[in-house]
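So, here's a batch of structures to check.
Common to both upcoming complexes is chain A, partnered first by chain B, then by chain C.
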Partner chain A sequence: MTRYLGLYFARIGFSVATALIGVFFALPLVWFIFAPFNPRAELGLSIPDPFSLTNFEAVFQNGFAMRGLWNSLVQSVGGVILVGAGATLASYALSRSPIPGKSLITYILLLFSSVVSGSAAMVPIFLIINGIGLIDTQIAVILVFAGGLLPTAMFILRDFIDSIPKSYEESAMVAGASPVQAFFDVALPVIRPGIVVVVVWAFVSIWGSFLIPFILLRSSEKMPASVAIYSFYSEAGTPIVTLLAAYSLLYSLPVVILYLFVSWKFGFRFFGGIKA
Partner chain B sequence: MKSFSLLSRGTGVAFLAPAGLLIGAFVIAPFFWVIFVSFTNRSLLGRAAVDPDFVGLENYFSLFDAATFFTRGEFGSSLILTIQFVLLSAVVGQAALGMLLAWMLQSVPKSLKHVTETVAIGAWILPEVVIAFAWFAFLDYENGTLNMIIEALGLPPGDWLLSFPFWAIVVFNTWRGTAFSMMLFNSAFSSIPPSYFQAADVAGASSWQKFRDIGLPLIRGHVVTDLILITMWSFNVFTPFLLTSGGPSYRTEILPIYTYRVAFRDFDFGKGAAVGVVVMLINLVFALFYLWVMRRRAKGVAA
Partner chain C sequence: MASIRFKGITKKFGEFVAVSDLNLEMNDGEFVCLLGPSGCGKTTTLRMIAGLETPTSGQLLIGDRDVTFLHPKDRKISMVFQDYALYPHMNLADNIAYPLKVRGEAEAKRHARAREVADVLKIGHLMERMPSQISGGQQQRTSLARALVYPSEVYLFDEPLSNLDAKLRLEARGFLNHLQRDIGMTAVYVTHDQAEAMALATRVAVMDAGKVVQYAPPMEVYRRPATTFVANFVGSPPMNLLPVEAMIADGALHLEADRVSVAPLPVSRAVAAALKGSSKLTLGVRPEHLSIARGGEANAITGQLFANENMGPEKLVTLERDDAARFTARIFTDEVIALEATVTLGFASEHIHLFDPAGARLPMDGEPA
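And then the complex of A and B:
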């Protein structure tokens, strides 16, 4: 009897503790849920009265703010195309061609990509981009991210391709397809889910990043939203909270939508395994 | 029988070329370039920007100079700060809190589990700039949500980013990253056959005994994986810069922020590169350890 009572209390204790930790995670975000809809928002928490969309109107009318979102899109999509295409081709080659030392290549690339982090390599990345004359261009941001994200993307995709039986492409080739046709017409449709995961992961990584565009870009009209957001300060140096809050929400939306998409499609554990 | 491969070697190389070029130029070249620059007095402006001199180990001597090593705002002090930051926010904060959450989430009502997971994951996936701004508002002295709650409880408010900047970034990084450990341990626990726990229940084991004797030993491998990954990420994280810019008076200047200041504020690229080399060496130790663990595990499964 006492044992069941003990279990019962343990369960209540766990629920209370979990709820408290949940509150710890929720609290810093509560402000961020209300402030975008409050035309008089300050750093303090207050329920908007009335709820209004004027902050968003102000953002939409602010050419600089919209330009930041557009630049984020350009840089993310550009990076994603390079990562998606490059990683698909490369991991297919690593999985299906007789190149010697294939698994060693994968491991060495993975090793390099985890050692050469943005914060350790900010100086050489800046100098290399400067040396090839691409400083303050959006293409520089795209190229740096593509290089940095490719090893992990290749690792994920290679795992995926290795798990697909070769007989798919072999039967296509028996029927007279060339290797390249077998890749595009048979293999590519089968590995598409893997490509989707890699593409979403790369998009979210680039979209949310701050350091690389921060050191590579100078002119304000090229800044992505993550850097542009820091110009929403008044001349006195205080943040224009209404604008910042609404902008932050707009800027977060793609990440949230993609997250929901991936967890709906693959379950969130999959997403969890591949971030960062 | 001749082994048949789908792609000829030539096509394989052609398929590898685009990725290889990009990785070569922006991952592998920086690795060697940073070592090279760390032996020069290269700067952003002036003559040393165009025509830097070779200075040997001078940058490293200045980093490890015993006279200033522990001075606040110098390399040694930043290194120690970083180690404390990683131990407290990643190993203690993220891993322990993630473990606690993953364990408790198994036996709490479904709705509570969903809500808690959602907010923790929200903290983890939102862009770092947005998170930093939300925390800036949360910790604001005059109106911040935290002080509002504290005052409601009848306690004195605090100017957290000024008085306890280091603890602020430790809690911040714990909050930001716990979701990863939580999800990893969560899926590890759910891979344990339920019959193990049922047998323990019949024997009258407490939750703590089940955790200590069944849960933890069976997911040991996941714990090692988790610790290495979150240690590396926290060691390289730049996000606290968005909350404190490394201040006040260098008290939150972890190595990534220190590197940024030396290279891009003081324009001393040579010294910044030398810091980068040290950081990469530490990363290398962790990464090799990780690969070693992974390979050993792969062999263990095959055997």
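And then the complex of A and C:
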């Protein structure tokens, strides 16, 4: 009997503890949803009263911040296209061709990629970009991101392509397709779920990144949202909470929309292997 | 349709020789089975015909064309893969019509043709389904339909039935045999299942370690296996083999082994030649040629009863000898066989096969070598 009682209280204790942890993590999110609609929002949590959109009006009038969202989109989409296309072709080649030591190539690239996207390489990257005269261009940001993200993307995709039987393309080629046709008709659609994962991951990485655009860009009209968010700090360095909250909500929307779109359109799943 | 000729083809993967100096001719309209255990080079041979592997040396011809280095798409071939390789993102209609699509056929026309073939294979009502929504047998027929949807010179099959369960496999095998009679295609069929090879082939190429050991019609392979390897591979269960001491006395061949009695046999030229340097031969008898001895048999072998398996129309009686060698008899009766612990099996002299110490068949006089 005491044993069951002990289990009973242990169960209650566990539930209370997890509920507390849940609340602890939910609080910032609740604040994040309520604060943008509260014209008197502070760092404390409060239900908006009255519920208003004045914060958004002010944010929409900030041209620098609005252009920031657009720039983020340009840089993210540009980077994603490069990473998606580059990683797909490279990892397909790495997976299907009999290059000796291809695993080593991937691991070495992976090792360097963590250096490239890390802050340790910021000075050399700045010097290189400066040397080729691309400082203060969106292209520079896109290229650096693509270079930094490609190895990891290739690593993920190669693993994925390795798991797809070669007989798909082989049967297409025997049926009369050229290697290029076999790739586009058969291999690419089968790899697509893997590409979607890589694309979403790359988009989120670039969208949320601060350091690289901050260092490579000079003029304010090219700054992405992650940098432009600083325009909602007063000159003394204190955040204008109301506008910051509204802008943050806008800033996070594309990522949320992307997730919803991808999971609706493609689903984060792989084609179930055909049961033989 | 066209013939296929291998001229001294060798394929190496690094140091490993998968196929070694292969010379093989397959006639127009022939159904050739490449039969052998895994790793014997049969799939590599097939993939070289398809162009999915390139020979290390030698020449390969389809009809009169040298296709040794030709891309698969230009070879006018069809292939059915072991895993079917159905495209998971296309429905059955698009899967079957794919070869026509890459040939630039209009959608309405190619779907009509796909439907035609699918109807013959009884999957016409599934055209809108995806490959993952149909059964294994239907997937197998879909991949077959895709191979048949356009006219090819050569049809290649890479163990197409090995992923089916036993009942479906028999059904599909019968259908393939019917298809071969119907359209008389030139086909190369890889299998490790000797029953499939026997049932389908007009000629069987038995392969071992990258070489063709015997290339002959199925009944020839069954009746006169060229080596102990073939004897041991073809037949279910395979041929019983037993090492024996041989000597020639009074113009007759005497075979001796422990608890075996064999009536003297005529001495053929091949046997006489084989016994010049050695006295060891291998005796072979097929299980279906053995029966429970009732006394008075010309030839008999004795051992301890090992197993007595009831298969329905037949019984498999296996005896084990002191050296752990086993002899299996396949007895066609639906009556229960009561057996003692010691069993003697008898066999007729005409069913004896002899092999030299290297494993090569020793033909009787008058028998084609």
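Following the convention adopted for this analysis, the second predicted complex is superposed on the first by the 240 of 276 C-alpha atoms of A that agree within 3 Å, B and C clash if a C-alpha of one lies under 4 Å from a C-alpha of the other, contacts with A are read in each partner's own complex, and residues count from 1 in each chain.
Basically, a residue touches a chain if its C-beta (ideal position, glycine included) is under 8 Å from a C-beta of that chain, and two chains touch if they have at least 3 such contacts.
Nothing here was measured: the structure is a model prediction, and the numbers come from that model.
Chemist: Once chain A of both complexes is superposed, is A:P165 in touch with chain B (first), chain C (second), both, or neither?
Modeler: In the superposed model, A:P165 contacts chain C only, not chain B.
Chemist: Touch test for A:F25: chain B only (first), chain C only (second), both, or neither?
Modeler: first
Chemist: Comparing chain B against chain C, which has contacts with more of the residues in chain A?
Modeler: B
Chemist: Tell me the contact category for A:L250 with respect to chain B and chain C: first, second, both or neither.
Modeler: neither
Chemist: Name the contact category of A:A175: first (chain B only), second (chain C only), both, or neither.
Modeler: second
Chemist: Does any part of chain A touch chain B in one structure and chain C in the other, and if so which residues?
Modeler: Common interface on chain A, chain B vs chain C: 170, 173, 272-273, 275-276.
Chemist: Flag every residue of chain A that touches chain C in the complex, lowest number first.
Modeler: These residues of chain A touch chain C: 165, 167-168, 170-178, 181, 185-186, 189-190, 192, 271-276.
Chemist: Can you check the complex and tell me which residues of chain B touch chain A?
Modeler: Answer in residue numbers: 3-9, 11-13, 15-16, 18-20, 22-31, 33-34, 37, 42, 97, 100-101, 104-105, 107-109, 112-113, 115-116, 119-131, 133-138, 140, 142-146, 148-149, 175, 178-180, 183-184, 186-187, 204, 206-207, 232-233, 236-239, 242, 255-256, 259-260, 263-264, 269, 272-273, 276, 279-280, 283-284, 286-288, 290-291.
Chemist: Can you check the complex and tell me which residues of chain C touch chain A?
Modeler: 50-52, 71-73, 75, 77-79, 81-89, 98-99, 101-103, 131-132, 136, 139, 143, 146, 150, 156, 163
Chemist: Contact residues on chain A for chain B in the complex?
Modeler: For chain A paired with chain B, touching residues are 3, 6, 10-11, 14-15, 17-19, 21-22, 24-32, 35, 42-45, 82, 85-87, 89-90, 92-94, 96-99, 107, 109-128, 143-144, 146-148, 150-151, 154, 166, 169-170, 173, 179-180, 182-183, 204, 207-211, 215, 225-226, 229, 239, 241, 244, 248, 251-252, 255-256, 259, 268-269, 272-273, 275-276.
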